[in-house]
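Before I ask anything, here is the structure I am working with.
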Amino acid sequence: MTIKVHEKLLLTGAAGGLGRALRERLKANCSVLRLSDVQPFGEAAAAEEVVLADLADAAAVDGMVKGVDAIVHLGGISVEGPFGPILQANIIGMYNLYEAARKHGVKRLVFASSNHVTGFYRQDQTLTADHPPRPDSFYGLSKAFGEDLSRFYFDRYGIETACVRIGSSFPEPKDRRMLATWLSFNDLHRLITACLTTPVLGHSIIFGMSDNAVTWWDNSRAHHVGYAPQDSSDVFREAVYARTPQPDLTDPAVQFQGGAFVKAGPFDSR
Amino acid sequence: MTIKVHEKLLLTGAAGGLGRALRERLKANCSVLRLSDVQPFGEAAAAEEVVLADLADAAAVDGMVKGVDAIVHLGGISVEGPFGPILQANIIGMYNLYEAARKHGVKRLVFASSNHVTGFYRQDQTLTADHPPRPDSFYGLSKAFGEDLSRFYFDRYGIETACVRIGSSFPEPKDRRMLATWLSFNDLHRLITACLTTPVLGHSIIFGMSDNAVTWWDNSRAHHVGYAPQDSSDVFREAVYARTPQPDLTDPAVQFQGGAFVKAGPFDSR
Amino acid sequence: MTIKVHEKLLLTGAAGGLGRALRERLKANCSVLRLSDVQPFGEAAAAEEVVLADLADAAAVDGMVKGVDAIVHLGGISVEGPFGPILQANIIGMYNLYEAARKHGVKRLVFASSNHVTGFYRQDQTLTADHPPRPDSFYGLSKAFGEDLSRFYFDRYGIETACVRIGSSFPEPKDRRMLATWLSFNDLHRLITACLTTPVLGHSIIFGMSDNAVTWWDNSRAHHVGYAPQDSSDVFREAVYARTPQPDLTDPAVQFQGGAFVKAGPFDSR
Amino acid sequence: MTIKVHEKLLLTGAAGGLGRALRERLKANCSVLRLSDVQPFGEAAAAEEVVLADLADAAAVDGMVKGVDAIVHLGGISVEGPFGPILQANIIGMYNLYEAARKHGVKRLVFASSNHVTGFYRQDQTLTADHPPRPDSFYGLSKAFGEDLSRFYFDRYGIETACVRIGSSFPEPKDRRMLATWLSFNDLHRLITACLTTPVLGHSIIFGMSDNAVTWWDNSRAHHVGYAPQDSSDVFREAVYARTPQPDLTDPAVQFQGGAFVKAGPFDSR
Amino acid sequence: MTIKVHEKLLLTGAAGGLGRALRERLKANCSVLRLSDVQPFGEAAAAEEVVLADLADAAAVDGMVKGVDAIVHLGGISVEGPFGPILQANIIGMYNLYEAARKHGVKRLVFASSNHVTGFYRQDQTLTADHPPRPDSFYGLSKAFGEDLSRFYFDRYGIETACVRIGSSFPEPKDRRMLATWLSFNDLHRLITACLTTPVLGHSIIFGMSDNAVTWWDNSRAHHVGYAPQDSSDVFREAVYARTPQPDLTDPAVQFQGGAFVKAGPFDSR
Amino acid sequence: MTIKVHEKLLLTGAAGGLGRALRERLKANCSVLRLSDVQPFGEAAAAEEVVLADLADAAAVDGMVKGVDAIVHLGGISVEGPFGPILQANIIGMYNLYEAARKHGVKRLVFASSNHVTGFYRQDQTLTADHPPRPDSFYGLSKAFGEDLSRFYFDRYGIETACVRIGSSFPEPKDRRMLATWLSFNDLHRLITACLTTPVLGHSIIFGMSDNAVTWWDNSRAHHVGYAPQDSSDVFREAVYARTPQPDLTDPAVQFQGGAFVKAGPFDSR
């Protein structure tokens, strides 16, 4: 049962894959769900608002944030690519978002960080939130920046953030790596709900994964969030093995947690 | 199923809230249950003994301890207040109790310590038994003393003690803080039973909480105790949220694990 | 459901207690199961091969290993005794085995290490794989050697090994110590299956125990293996207590995790 | 060169061994040095005040503290013995002292704690301030209490304390154990001066030892105090070896850091 | 004696305070010293080159980097201020610099990071390089970004970087905080020389401070760099105390390591 | 000044490079120095004895050990090579040595272990004695075995051992790697003397290096040994750089601490 503690909740990146998965689920978390993305993605339904905004546009972001109680920030670029667009959406965009939150008194955010913040650790290592970042890409680097930025806004202004290092959130795991990283849509929603409702959140880093048998991450630093996953990649394991080849252990994409991201690029400069 | 390994078990603080909750439950742990408190609290039932004793009275404590195989020590003062009475009951009382245990050959005790030993940690931190004490009150300070005293009696004389840092043991959680700290009466009994029956206890510190989703404490240093909680505050969560306001994150009683204790006092000197 | 990722699997020590327990179970893990021991132990059944080999005999070990895809190595001596035979079977034998694996391109092994690698830690301590070895016997020492040798073959040649520190794998726990150390045959098989099938194993140390309430070991360094025990010693606990005496806490066999091994010997030199 | 940052400094335990050693040295740290002990110990010299006070007497302690800027607290009992007197001087006395400091606005104290707080660690272990207490005596236990009490007054009221776990402060080391634990009088004064003058002290635990080659303690948690010892037990080493026998490694007084304290007692109850 | 291992060395930020201090000193480290800044700052002397470049201008940075063997990067903004200029010089500038280094095969850089990466830790805490960032400003945040970016270029492309978290590098310490953070110009040069010449640098974080008695930082993770400071703030201590007031311990600028930076801002958006 | 605490000291490997370097120096540590090696190496001088013994020969080792008070064990093979001879000298030899020590009541040994026990860590990592072994060779593996064996004899029989992981002990450092690993002969002697004379040694692992600026090892776990190096590789640094090329950072012999050992082999089986 989802507990509703916020009147108006903002969901950014509402037109993306995870945004669409969360749109209905998050209605239980608020009275009004404000949806935002950079391009038009349809009309507001009942108890919804739609605000279009480019994250790199400070004024637009200010308008997007004004009047909400809490924010689930999925917006920005979520794959590896040239630095320029990532800079605009994920670095300047994060600055714009937190400045708007500060000005408008928003006190709690859930920030979609990524496992690619620590993608250059090996797949036979277990990480906690205390392991230093080892980003595997410009994308991962921008998420590390977002985590540090939100830490600053907590230490300086008391704004609470959960940095959710999302693994692989899809209807089902696509390959053997995702057996470890998979996060079901329902568990993603459970995790965001936990972050929104736990009495004291502080500034927390939490790995976003379902209750998979094979994992690389240890959430013991974030017990206070109260996340209890209920799904598991294990039910897909046999099928995944049947359709995928044995991994080549000399391939960096197999050795490191970031998978193919660790080999992406270099890209031409902006 | 409770395993009985002791013939005669002493329960101190038998007239208090937890004492009353445990009186019936502990009968499964022994052949004879000796009950003690400072004031008269009724007659002994079958398979019971009643011994009145002021913990600050060494001779009375000696008589209270003589002849028992193990002790569950809930006695003393369990709330914050002036130092004088806490000194008598919780500091001098602990000394009297362990001296009596040493003289009479009692080899295992369960000591009701408290989360207030570490009440000045933040609610967004996860603690293990290795975190140094940060008591939030004279009460918490007296419990830190008790933990150190029992460590001394273990290192010096081999007397085993489980220091159970009890969270909030009530019929149900009263507020949002207790969602993290709640310990059901049945889980309290399970925990005490585990401490009494595990083959080797040593000197152990264990946090007393049910299987709550939101927690601040990590019992991974005490796996050898074998405590497996079966209750959870989560079933009360919706009701608690409905009847309590959003916490004010600038209030020390919300920021710190000790709750209101961190603001109690100062008290006039004795 | 066991996933089969290997064509031909070698099980050494097939005639021993655990070997016999695993013989049928491991058929689900491969197309052909090669069985080996030092003495004749019967005929090969369907989908089986039998190869006799003394582990101290390099040529015999080479023949034993040739043609298999992965190895479950239970062979060698599994109890404390004089150093000479342990040297032959467990030290020279391990060298022979890994040299053969290197030459024949075997890329993954499961090595039956032992809790006696860390037998001189106390029973009130919780260990992770990072605790330095404290072997309690020549036997435990030989297993520590095997762990280090397999680490060398991983760092130098990329051969993956799971060092499974087996607790006490019997049909049921025999005494109070085994309540902590017990590993059911089915959980042993689950653990070996996890080691054989996890996408990336690396060089991992994992404690082999069922889901017992009382434990001394923390497998949080090996989440990537994906072992999920389903049995527990707890169902036997009452019976074990009923037929065994209270432990004497001044006995090193009770104080230390290795149990009676910590008192075995000295033995006459070879 | 000692920097003077306090006008009036209180030295308790002024008549004891360390008190007498510090009396002249501390004059450089203040304009007026108030000296206190429980029994008359002579007249005040120039720039001195003398106040007699029993630490267990709250009113006397209040008078002793009134008007000073900082406190060096050496007072109380400094050897093992029956619990009663230690309770009066070291437990009730500490409470009285900090209550007086709170009421009179004293903001910084140096508390003479002791290596006997951790006396039950082995002599082949290196400790930091984060190791949990393992007191070896009632005396060590009372010092652990004092450390926790001062932590409480820091967290609750912002009163800074340096808990100096003094090793063995004598003109020269008397035995082999003191090669590790020796603290020269001049280094003791340097350490107290560092605690009194460092810009931010917080609540710090620091081991009081000279720059000895053999040590058991690591002060890396207290770099902010700025203590730089200039003496060493090494110049006495040859002489100490010449006049003392080889240690018996089976003797607890040799195995444990607390030395003979670990074997003192039991004492009759008060 | 400085060992010269590079032919052509680039010093960015050559016109700033530290740049001017290093200009002569770095000539011992190379055959040709290329100097760069954003504005004209004079002529090249013998064995010097001067290249003007705006760090935010990728093409200019590319030209600045082309042909050098190693880089000492002091360029960019070194004080707190609005986010916009910091973004241009310290975030986009770092990206431009490392892209140029990658393209031109520069294999080692020394990056002037800052203690403001961890400015929100308390002044009574000792930090190692493993403590997670807690930036105290946009400036500190941009330096945390630079550290992560250089980590990425090491893991991905093998480019070695020393992130030197410079404390306070001035002719002498200006206030009590700088007693802890002071780094003499000669020690700064020693540190940079160590980073440039150590056989294997990897990706290292090292705190830039002289051999001060009071410190907040522990460089034990960077012994492989071989930095041995020879100066100390202690010779200035008495003078600093004489001309500065007692710190107010309730002031965040005193409580936290970042000093006044923790209170700077908020600034108007770009 | 060396303190003499043993009457008769045994030095094994006396004919090797380090043995010859220590022969004169160790005379200060004892009244009689027994020298041993496998092949004749000359006559005993005054206050010397010579005993020839093959370490793999239990009876010979027994005779070699009989009558001595302490042992400095440099004997065995000290370079990488085929497993067979290493097994004989370093594994069987260690067993023979400790059995003899046990039988003859020798209570303290200094065992020449090696940095090759941890040779597969990177040169940009700082290790303590708590890092798990990562041997780089059969030689390193045999030394890891020796460390574990001596741990067993300490836990089981109370025999103290210092495992000295010798870096590179030569008249001067030969290459850039040895700038980190160099141990002068005088510091080697100081270290052995510290191990022989410290009051309580326990079972200790200590890295054998001089006071070099560039180091990979942290001896903070072994402060109780009291080793204070007085030499440094730094005086040779300029000369080493002048005669050696820039290291190739893609070469495993440069990346890993073990240097060329990490690439030695494979060797034909015995």
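Just so it is clear, A, B, C, D, E and F label the chains in written order, and each chain counts residues from 1 on its own.
We take it that a contact is a pair of C-beta atoms (placed from the backbone, for glycine too) under 8 Å apart; a residue touches a chain by one contact, two chains touch by 3 or more.
Please read these numbers as outputs of a predicted model, since none were measured by experiment.
Note on connectivity: the fewest chain-to-chain touch steps from chain D to chain F number 1.
In summary, the chains found to touch both chain B and chain C are A. The chain pair from B-C, A-E or C-F that repeats the D-F interface, sharing more than half of its contact pairs by residue number, is B-C. Where chain D touches chain E, under half of the residue numbers in use are shared by the two copies, so each contributes mostly different positions.
In terms of their C-alpha centroids, the spacing between chain B and chain D amounts to 32 Å. Between the CA-based centres of chain A and chain B the separation comes to 40 Å, rounded to the whole angstrom. In chain C, the residues touching two or more other chains are 220. Checking each pair of chains for touch leaves A-B, A-C, A-E, B-C, B-D, C-F, D-E, D-F, E-F.
Listed in rising order, the residues of chain E touching chain A in the complex are 58, 83, 87, 91-92, 95-96, 99, 102, 120, 130, 132-138, 140-141, 144-145, 148-149, 151-152, 155-156, 262, 265-266, 269-270. Interface of chain E with chain F (complex): residues 1, 3, 5, 107, 158, 160, 194, 197-204, 220-228.
Note for the complex: chain B touches chain A at residues 122-126, 176-177, 179-180, 212-218, 220, 237-238, 241, 246-247, 249-250, 254-255.
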